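After the structure tokens below, expect a handful of questions from me.
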Amino acid sequence: MPGVTADGAGQIVGQADGLALPRYAGLTTFARLPRIEDVPRHDVAVVGVPFDSGVTYRPGARFGPAHIRQASRLLRPYNQSQRVYPFRGQQVVDAGDIACNPFDIREAIGQIERAAAGLAPDGQPLVALGGDHTIALPLLRAVHRARGPVALVHFDAHLDTWPAYFGEEYTHGSPFRRAAEEGLFVPGHSAHVGIRGSLYDAADLRDDATMGFRIFSCAGIDDAGVPATIDRLREQAAGLPLYVSIDVDVLDPAFAPATGTPEAAGLSSRELMRFVRGLAGANLVGVDIVEVAPAYDHAEITGVVAANLAYEFLSLFARARA
Amino acid sequence: MPGVTADGAGQIVGQADGLALPRYAGLTTFARLPRIEDVPRHDVAVVGVPFDSGVTYRPGARFGPAHIRQASRLLRPYNQSQRVYPFRGQQVVDAGDIACNPFDIREAIGQIERAAAGLAPDGQPLVALGGDHTIALPLLRAVHRARGPVALVHFDAHLDTWPAYFGEEYTHGSPFRRAAEEGLFVPGHSAHVGIRGSLYDAADLRDDATMGFRIFSCAGIDDAGVPATIDRLREQAAGLPLYVSIDVDVLDPAFAPATGTPEAAGLSSRELMRFVRGLAGANLVGVDIVEVAPAYDHAEITGVVAANLAYEFLSLFARARA
Amino acid sequence: MPGVTADGAGQIVGQADGLALPRYAGLTTFARLPRIEDVPRHDVAVVGVPFDSGVTYRPGARFGPAHIRQASRLLRPYNQSQRVYPFRGQQVVDAGDIACNPFDIREAIGQIERAAAGLAPDGQPLVALGGDHTIALPLLRAVHRARGPVALVHFDAHLDTWPAYFGEEYTHGSPFRRAAEEGLFVPGHSAHVGIRGSLYDAADLRDDATMGFRIFSCAGIDDAGVPATIDRLREQAAGLPLYVSIDVDVLDPAFAPATGTPEAAGLSSRELMRFVRGLAGANLVGVDIVEVAPAYDHAEITGVVAANLAYEFLSLFARARA
Amino acid sequence: MPGVTADGAGQIVGQADGLALPRYAGLTTFARLPRIEDVPRHDVAVVGVPFDSGVTYRPGARFGPAHIRQASRLLRPYNQSQRVYPFRGQQVVDAGDIACNPFDIREAIGQIERAAAGLAPDGQPLVALGGDHTIALPLLRAVHRARGPVALVHFDAHLDTWPAYFGEEYTHGSPFRRAAEEGLFVPGHSAHVGIRGSLYDAADLRDDATMGFRIFSCAGIDDAGVPATIDRLREQAAGLPLYVSIDVDVLDPAFAPATGTPEAAGLSSRELMRFVRGLAGANLVGVDIVEVAPAYDHAEITGVVAANLAYEFLSLFARARA
Amino acid sequence: MPGVTADGAGQIVGQADGLALPRYAGLTTFARLPRIEDVPRHDVAVVGVPFDSGVTYRPGARFGPAHIRQASRLLRPYNQSQRVYPFRGQQVVDAGDIACNPFDIREAIGQIERAAAGLAPDGQPLVALGGDHTIALPLLRAVHRARGPVALVHFDAHLDTWPAYFGEEYTHGSPFRRAAEEGLFVPGHSAHVGIRGSLYDAADLRDDATMGFRIFSCAGIDDAGVPATIDRLREQAAGLPLYVSIDVDVLDPAFAPATGTPEAAGLSSRELMRFVRGLAGANLVGVDIVEVAPAYDHAEITGVVAANLAYEFLSLFARARA
Amino acid sequence: MPGVTADGAGQIVGQADGLALPRYAGLTTFARLPRIEDVPRHDVAVVGVPFDSGVTYRPGARFGPAHIRQASRLLRPYNQSQRVYPFRGQQVVDAGDIACNPFDIREAIGQIERAAAGLAPDGQPLVALGGDHTIALPLLRAVHRARGPVALVHFDAHLDTWPAYFGEEYTHGSPFRRAAEEGLFVPGHSAHVGIRGSLYDAADLRDDATMGFRIFSCAGIDDAGVPATIDRLREQAAGLPLYVSIDVDVLDPAFAPATGTPEAAGLSSRELMRFVRGLAGANLVGVDIVEVAPAYDHAEITGVVAANLAYEFLSLFARARA
């Protein structure tokens, strides 16, 4: 690939060189990184999961991975906020997209779990780009195989612990209920952040608490402030392997119009980025960024923030490794 | 409802009066017609089928019925092209949307078939607004119950007679293969119109012919002209009950950007409207207009043409009744 | 209507059931509530006022009610922020749109006042969806008939107390001057919130103060904070019947692009929702949400926040009743 | 103004020079022509009429003149189709916009008539850029003052001869009925071209014929062809002063999405341009191009075709003068 | 790459299998074909040239290659119009993008020429995706090295034979004048097709004729018809190596809004596709498709037609080889 | 120009009168102010610099000046935040656009410097509307001629002190490095505000510090708050002539989608406006507002904030003069 630069002894392949091949040029991979086929091994993989058959309102997140990749062309080698080169001390690759059946949710879930596990033969972490939130369940299962139960931090407008829709137990509204039933995360050490919007029933909150979640609502964050909330998230996760799942609808529709079930009055991009950076030092083992539905995007607003979130997580992995 | 006008002896309720309630005002029903609950009986029903779980590329046609209704506000009482008042000699209603399960294609197909049959207790014809093309199968089944096999005229860029996708036999690419297997239309008296674009295999054409379809491709229409093609469609259908299924991707993307699998170089809106009007005198028994995916529309271009197509069909029904 | 659920003894009809009829399906009413014709009586009515002939810059708010209704499909039964079921203890209906003459402002104002009064035979409160801000005047008149002068809280970038435009005294820039002249609100107990942007003259501020308004500008809110500003609004309104008028241009254009006279540097959706919830306990008697011009919206950003604002007010009414 | 070039003896000022000042640069005037204030006299004036208070559906044509001007930046000095330099043998100017009251249709009509007459002290023709179709009436009145009754060729999807809307006789649906009543055009020598879409009543057609119009419908043009239709338009107008009024909704929404009352199945831009060029040799005395509503445009599709239509008319004037 | 299928003896790698990996999934290459690095050799290469520093109006074609690739995901293996499998009898690859300097036109032209020549070590033809029309010059130079002077068929609204802009001889308005000066095409056997719109001077046409071009204007095509025009293009090219250059602004803005210098009244997509297919049997040696500026696209209208044009050319190459 | 009003003794010409000529009407100048040709002299000039050949990612800022002017139509005479009439005590004019060569960056830089100097024969300050950030260099040079080195406050997501791109030293990424080399600003008294996003190298920060800049990053502003940061900016600039350069990408993409290199997590419009107003009392000598790329705007969100920023600066000039 023209412009791919080598780092140090040439063992790690970083981004295509933006001063040789302009950043708008070249085939599209996440952050202009090498494809998984282009390098012999990897430390962290970014992988697309173009699945949206679990949505209950606006579909379209199947185009999310392609859109986030295109919007990631602007990412550069050095993260000044975290003071780290995310692509230098670790081999990051774009593992392409997981092939999954749009007509059979259960088959798709199996495909995602197997593919995710296959990308981590040596326990490498994944940054998964959705796709709808259904995919969090098989991703958590794959992490669970390798790491056991995790502390879960879930950024979302919605709880996603509803029992079922139209008789279907596997949808984008239920991954964390299924995960609770399967023991994939540690009760009492897991949280929803950014919750707001209307619910089906007050009992939804009680059920959710029973599963072991703490809720940091947008209104609560208004009162407590972002830094204090970060402290509580860090305390809660301390020591445990940490999995972070971000539904972009945790952002206000102004910051993330391209999503399936928008809710007014959400976080700003700056607040969300601050939350992510605030997780530094935690034992991060996996990440998903979901519910980007590009048909509703404008000027890549949503794509750009999603790509930057992935970049911050890759930076956290790099720091953990350093 | 303010502005609803009565016709003749008051037995037929037409559109809300555009001179009392401006056309942009009032709750949205198709053409500002009464809801099915608002009148004791109906002659023709317009019904939405907000189902898009059968798509293979861009989803979003689940929002099609709401979008076409909104774009139908401009329709007025008299059709000058067909010289008929479509809402005067027959009671047309908006029957709302058929509730169908987005997570279980087979259940949805059953729901659609039952609801369609239920809307026609006395054999009333339906104008169905999709939704993706999967819905044509249950609609044809419902028509078949009442009328037996039909002559089928299918306007589309694609054949929609593929065997299956990802193991699923019921998708938007297969309704007419299933219909052939079930004997829902009359071989040798059915046609695809507007076919173009790439195929999986040359065998697709041979298989299609075996099912009894004739193909009028866009390239062929360029050579033969629209009027001569209409003549052949009329000859072919003569005497038989006629069912017309329109996938809006038969139109060029310039005329119908809001669709799931756009193909360049299609029909113009004027050509398609001419085709529909050219079917006057046929024994029309049912209609569907599908694959309007509003997230991709601009200024209601696609919505307006879809609404006008429905209007032309309602006019054909009115003329048949006169 | 399929999916309409009954509450308790069946006397109150709530939203269409999102688990029977998907939320994107069914004819469009506000929050999928029953139409006024569908129930014998109502406690609160949501009503559209599709009038925009009073605008001075971008027109298009005549399509506001239809747009907000479509964007309200995501609203669910339980408001977790206010801990109330807004559609359970009170019968809320969608009263459709008020028919008003687009070519005669004065006739339209009369139509709106009469229709608003007619929807409140027993003093029921209205939540009016505009439409441009001209409509606040007849709505205030209708409230005044039943309740006398109100404390007015007006969220807006603009004062809307200009004397006249082009010789016309009844436009979207003047409703509160007319209201002052007619004694519709209580001087000294009324306020503008979110004011910013350029004015015709410094005298506009002095005139406005003379009418009895207090101004909480965006800059002032930056300094004082939202909670302290809420406290002052509550003190000011205390005891009096409260009418709230929200021009969505009080929001920054990022949060509400779809409006007629956008002004940079406005409130965020989260701040505005916080303000509304902060009015709990006040004696709320009427609400309007105006100036949504859908041709300028993107991905329903503006529609969603407008629908949620209405939902918060309906929740306030429910709490007041509980 | 940098880049303004002089022609011949320097007496005529043409377009800003695109090789000195790039065409995307410089203050916006129609075709980068001088403003009326910049030259001592003019032969033809292009003038904006930003009025849209006469619309019955989508407003927004008040922004039409600014939008068409911006889209006219690409126009160059030589018209190869008509083989003429439209800005060389005649002084064309941009006369700015006519100030008209958005709140009082009758006052606005008076303002437009007076301003139009004032721009033609020596009988100069105008090319008016709307604004909605209401403006055709005062423009015809101004022409009538100078020239007497005209042959009228009216390109539109709609007849615009309805009696009144909501009691108002002066709207965008009625200019040609008023013009008939006032004797502004010659019955039997006037025509509507491109008519299609639904009507309120069959009687609309009979009424229209009584006023002296001939109708060339889109369907009729399909049968007769554009060249034969042009011949009939030329015959009909022969010898008489000719006024041409173009509502851009005569175009299919694919070619002109930015309009207030779109109708499916209209003319293509190429057909409409051919019609206009086909009027060469007629005694053209005035032109309006109306109903461009920019909020609904995309990538200036509608703006570009409107600007080019004006350019073709200016070329006709130049040829008539040569 | 999951889903890449082999053809015949496994020597040719075709598209990713749309029934294993959904067409919206997987990293983006043209038509989901292998990258040049993925196969040992190729017969035809599709290559992006993301360069737009030669534009005179709207820039943005640098994003053209990425956009066309994304819009090419719908292309399937069999071309029914040409009755050929374009990816079966020849190895087609996506060669990625040519790195070229956005700040130095002359350096970029050199880079393009060298890279194009390098992709054709054995004289393989290229299908180049622009980028602006500046790139046609170096592409023609590369073809000239291998094949000598070509018959040139140039589809465009504009002549692109202007001498210079702002003193710069290498821009998107001048490639064919430079090509004429360098003897890259055969005078008397070359043509512009689809010309329309305003010119700087009548002399532009005379200069152009001097260079050896024939002009088939849109107006002329209206008169002669597409089939007769194709015949003349074929006669003219007969026997000579043929190079085809398509500026998408040859299409009407309705069919190709996403371009830099749109001109009203152009070809339809169906006409242009017919032209391309009509070149079957010619000795095609190279192709470019340029001036797709994605920021102005809607729902991939322009991207889809550009991708289909490339597909038709690849089919012509396949037929020539068969 | 109808509606141009005179102030006081008629010596100063202000905005066109919005009560005579509606604000959407009339030829477009900044804030509806007179053109430079319309008045004998000026105190402050607003000038467009439609140049974008220095961009490294999305081009299109060449259309920025026209877009900001169109979005400035809503500006009114009195600035309530600053309590000043910006167009009353000083003659502000729209000086049109500087003609600059899109194909030769160095020539363009020379043109801009000369034109800027020419607009300030008596040292009048300019408010320049870009265009890309390349233009800051010649603007600083012109200021330097008259005022010597300035304190520079630079609002941007990026440092813009990179050495070169693709061998070119004059691009939108390098103006402040060149300015440092040329001694155009005072080291130790200059700052970047709003910095965030990824960098090429950690050394970028060290290099930048060497040039004498202080960095107030977005993250830092989160911690310190806007008011404290303003204090530090004021201290730093104290006494020196102050030049302010605003790249609109300092704003979050939600607030300024229309820009060339968007970075997530930026300032809000309210914060940026507060910063600008906080500079009151400084010795402001020049301003540029750059990188507005209208093809990516929606509903003029970006245009409106850019126009308002210019308005705030004009108000600062007015206060300084008072």
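The first chain written gets the first letter, and so on, giving A, B, C, D, E and F; residue counts start at 1 in each chain.
As a working rule, a contact is a pair of C-beta atoms (placed from the backbone, for glycine too) under 8 Å apart; a residue touches a chain by one contact, two chains touch by 3 or more.
None of the values given here were measured: they were computed from a predicted structure.
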**Complete:** A correct list of chains touching both chain C and chain E reads A, B, D, F
**Set of chains adjacent to chain B and to chain D** = C, E
**Complete:** A student comparing A-B to A-F should find more C-beta pairs in contact for A-F
**Message:** Using Cα averages as centroids, what's the distance between chain D and chain F in whole Å?
**Reply:** 39
**Prompt:** So, what's the distance in Å between the C-alpha centres of chain F and chain B?
**Reply:** 54
**Fill in**
chain D to chain E, mean C-alpha position gap in Å, rounds to 37
**Request:** Please list all residues of chain D that touch 2 or more other chains.
**Result:** 22, 24, 56, 58, 62-63, 102, 165-166, 252, 254, 268, 296, 298
**Message:** Can you give me every chain pair that touches, using the contact definition above?
**Reply:** A-B, A-C, A-E, A-F, B-C, B-D, B-E, C-D, C-F, D-E, D-F, E-F
**Asked** For the complex, which residues does chain A have touching chain F?
**Response** 18-19, 22-24, 73-81, 83, 85, 252, 254-255, 268-270, 272-274, 277, 298-301, 304-305, 307-309, 311
**Message:** With touch defined as at the start, can you tell me which chain A residues reach chain B in the complex?
**Reply:** 52-56, 58-60, 62-63, 101-105, 165-168, 171, 295-296
**Asked** Considering the complex alone, what residue numbers of chain E touch chain A?
**Response** 1-3, 20-22, 24-29, 35, 37-38, 48, 50, 62-63, 65-66, 69-70, 94, 96-100, 102
**Item:** Sites on chain E touched by chain D in the complex
**Value:** 56-58, 165-166, 195-202, 204-205, 217-219, 222, 252-254, 257-258, 261-266, 268, 296-298
